[in-house]
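Listed below are the structures to be examined.
Both complexes shown next keep chain A, but they swap its partner, so chain B is in the first and chain C is in the second.
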Partner chain A sequence: MIEAKNVNFYYGDFQALRNINMEIGQQTVTALIGPSGCGKSTFLRLFNRMNDLIENTRLEGECVVNDQNIYNRSVDVDELRKEVGMVFQKPNPFPKSIFENVAYGLRVNGNNNKKSVTQRVEESLISAALWDEVKDKLHKSAFELSGGQQQRLCIARALAVSPMVLLMDEPASALDPVSTSKIEELIHRLKTDYTIVIVTHNMQQAARVSDKTAFFMLGELVEYSDTKKMFLNPDKEATQNYITGRFG
Partner chain B sequence: MKQNEQELQFLKDEINQMWKLVISQVERSKQALLGGDTERAEEVMGLEKRVDAFDLKMDSLCEHYIALYSPVAIDLRLVLSIMKISLTLERIADYAVGIARYVADGDCAGFFAQTKKPLEIESMFENLLSMLTDSQVAFNSENARNAGKILAKDRKINEIYRNAFQVLNGQLQKEPAKIDCGLKMILTLQKMERIGDHCSNIVEEIAFYTEAKILKHKDRP
Partner chain C sequence: MDRKIKQRIAFTTFRIFSVSVVLMLVSILGFIVFNGAKAINWTFLTASPTEGMTAGGIFPAIVGTFYLVVGSMLFALPLGITAAIYTVEYGGETRIIRIMRIMTNNLAGVPSVVFGLFGMTLFVNKMGFGSSLLAGSLTLALLALPLIIRTTEEALKAVPDSYRTGSLALGATKLTTIRRVVLPAAFPNILTGIILSVGRVSGETAPILFTVAAYFLPHLPDSIFDQAMALPYHLYVLATSGTDMEATRPMAYGTALVLIFIVLLMNALVSLLRNSLKNKNSNE
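Then we have the complex of A and B:
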């Protein structure tokens, strides 16, 4: 469903990704791990063209979502981002009510039917495991929520437009263990309906939540395999050194 | 060396200490049985608590390491292997104590002396001690290449054990009054055979630690 074909990516003269080839299956959770600056977040952001916003960058190769190279001129980036949602490291709710945060994407996409929007907001909040905590205060400011709740609100906001893919860039790194656990539980449940790619610096989190793990180093994809294998018996010495904390 | 690596090295050092003690327990039980040496047998029995203490200590150290460092890959395999090797060493030491108890009873000294040669007791012990020391070398060198050679010694022990029944049968037909001593000898041989099996289990753990290979429950040549 998602595929990188011979991907090279440059920030100016600096090559951040080197000949990445990788296929990500539907309804799986794939963790991207590696030391800071290894290119994993750059790689993640390629799949909803977030890197387009950075000046003086250049991509070679293809990033395929649903059999289409998303860097083709014909691709509408707004449409792409409906298919490929993103959740960031720090929760970034809009300065609006809880309800309006989730409804925002629907309205931007032209859905102004009150009943339909209300139903979709509820469904999204339920999917994001937040409904029970906010159903009685939907019109209060999103900033009144805790950090963990705000992050789940951002996930609900991403889910509202019914994407097929969710990209998560360290979604729990700013959260306490209880909130982290809720996000991880949520990822487990969401993978039955969504394809999830997550960048994390937390090795145990990668081991817990993902089906497959990709280890990046210096812009290269060093190893990509089943998570259970990766954390018990990786093929490459560099992977073993990284996950056991020998370097990085 | 990083803190994590220091802790792992400490675990290795401790399991090596335990290994050394258990080898010495098997060596002492050999001397006791072959020499009819009841004092040596008492020594083996007296040291049992030290082995037990090591076993508890290894459990505790491994639990702490897992809780504090959440090991993965080769580190995880090492800690899991150390936990199992520690348990196995403790059982080997129990068998050494069991052998020593029969010697310490002193009532079958003559029968043991008479049968030790035809039963190839010394050869069995030599193979057992060699399995223990070779597996320790394999563990420390992180090299399971000699696993086959070590496991072959277990097969040799099993062969001696199987042949022992015929030898003992012949002996007991000549001396039916010694049936109690014959039974003790069978139980002694059985303990030695079990030590061999446990040594094989240690080799399997080393293969898991060093190469992530699962040898357990696989047919061996």
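Then we have the complex of A and C:
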């Protein structure tokens, strides 16, 4: 479903990813872990081409989504980003109403049917486990929500355009423990419908939410296996050291 | 000397100087209000000057200034705002953009009389518009452009990048992102810049001196190729020429008062806007 083939990635002269080969299965949650600067976020952003926005970067190799190299010339980046949604580290709702935040993706993709937009907004907010908290104030500013609610709003916003893949870049790192556990429950529920790749600094979080875990270090994919195996009995010593907190 | 006494002397000096600056401003304002208020009445605001500018009103000058503000903004706003969108959203930090920015800054420092001369040469003579509302508006537009570009650039830069990435990540194109997220978010600050430049444009004399302003017109302009009277130039005329200086003096103060009132009104609008913006931001 998602695959990286011989991926090397450079910021200017600095090589951030070294020969990554990785396959990610459908409807699984895959956690990317590793110390700061190991390239895990860079790797995540390859799959909706957000790295394109950074100047002076270069990619070698292939990133495949749905049997297609998404870096082919023929690929429409805007179309790709509808298929591969993203949730960012810091909640980033637009300065619009709660309703308009979720409706945004539909509207910019040409859906102006009031009924279908309203229905899709409701569905998305329900999927993101936010509906009950906001259904009476849909037309209030999104900034009136708490940080955790804002992050779930951003998830709803991403779900509204019906992506197949959801990329999450440390989605709970700016949140309090209660909001974090809500997001984790949500990830658990969403994996029946979506393929989720999540970058996290929090090892317990990776253990709790993911089916598979990939450990990155210094731009290399050190180990990639089932989460259970990774945390109980990793193959590599570096993985063992990182997981047990000996560095990082 | 005792350190505490030193401190006290220093602070007292600062206080005296800052109060004296405020006093100067207030006394200028008070002087104009005191002398001008007598001239202000309904006729003054709605009639043309009569009897060699010693009686009647300044209505044509108010209308002329209004036309010039609207005319200059018609040219300067689309040009300035699109230029700013280009430099901030599309240009990146390339050499060309840096050069453009330096030029814009330099343009902002050019004395307004130079704009007047340039406008006269280009619009009045070379392009053959004659001394007209069109030539005057274009000249004032040139004067306002750097200000509009700068304030719009600052407004766009103040929009968090996370809005842009959030929108792009939903499959919105760059153009859609600018139109539906960036510009609405930047709008209050852009509006502030517009109002500031309206204030600037309505108060300038030198740029309109050779390009549009008329000493006296018996009727209002009815085409963009007509000359027009304008408040700042009218004030200049009343203060420097006339058959009976003593009789025109109250008219001059009245004109000054109207002009200052218009500019202050603009500035008041700006601060109102800023405050509402601040309240909005504190919700974030």
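Throughout what follows, the second predicted complex is superposed on the first by the 248 of 248 C-alpha atoms of A that agree within 3 Å, B and C clash if a C-alpha of one lies under 4 Å from a C-alpha of the other, contacts with A are read in each partner's own complex, and residues count from 1 in each chain.
As a working rule, a contact is a pair of C-beta atoms (placed from the backbone, for glycine too) under 8 Å apart; a residue touches a chain by one contact, two chains touch by 3 or more.
Here the structure is a predicted model, which is why all the values come from computation and not from measurement.
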| item | value |
| --- | --- |
| Joint occupancy of chain A by chain B and chain C, clash or fit | fit |
| Touched partner set for A:79, first chain B, second chain C, both or neither | second |
| Touching partner for A:55 - first (chain B), second (chain C), both, neither | second |
| More chain A residues in contact - chain B or chain C | C |
| Partner chain(s) touched by A:171 [first = chain B, second = chain C, both, neither] | neither |
| Partner chain in contact with A:157 - chain B first, chain C second, else both or neither | second |
| Touching partner for A:219 - first (chain B), second (chain C), both, neither | neither |
| Inter-chain angle, chain B to chain C through the CA centre of chain A, in degrees rounded to a multiple of 10 | 140 |
| Contacts of A:34 with chain B and chain C, given as first, second, both or neither | neither |
| Chain B versus chain C as contact partner of A:105, first or second or both or neither | second |
| Contacts of A:92 with chain B and chain C, given as first, second, both or neither | second |
| Smallest separation in angstrom, by C-alpha atoms, between chain B and chain C in the superposition | 34 |
| Common ground on chain A, meaning residues reached by chain C in one complex and by chain B in the other | none |
| Contacting residues of chain C [partner chain A, same complex] | 92, 160, 162-163, 165-173, 176, 180-181, 184-185, 280, 283-284 |
| Residues of chain A touching chain C in the complex | 48, 50, 53, 55, 78-82, 85-86, 88, 90, 92-96, 104-105, 107-109, 141, 143-144, 154, 157-158, 161 |
| Chain A to chain B touching residues, read off their complex | 203-204, 207, 231-234, 239-240, 243-246 |
| Residue ranges of chain B touching chain A (in the complex, touch as defined) | 2, 4-5, 69-77, 212 |
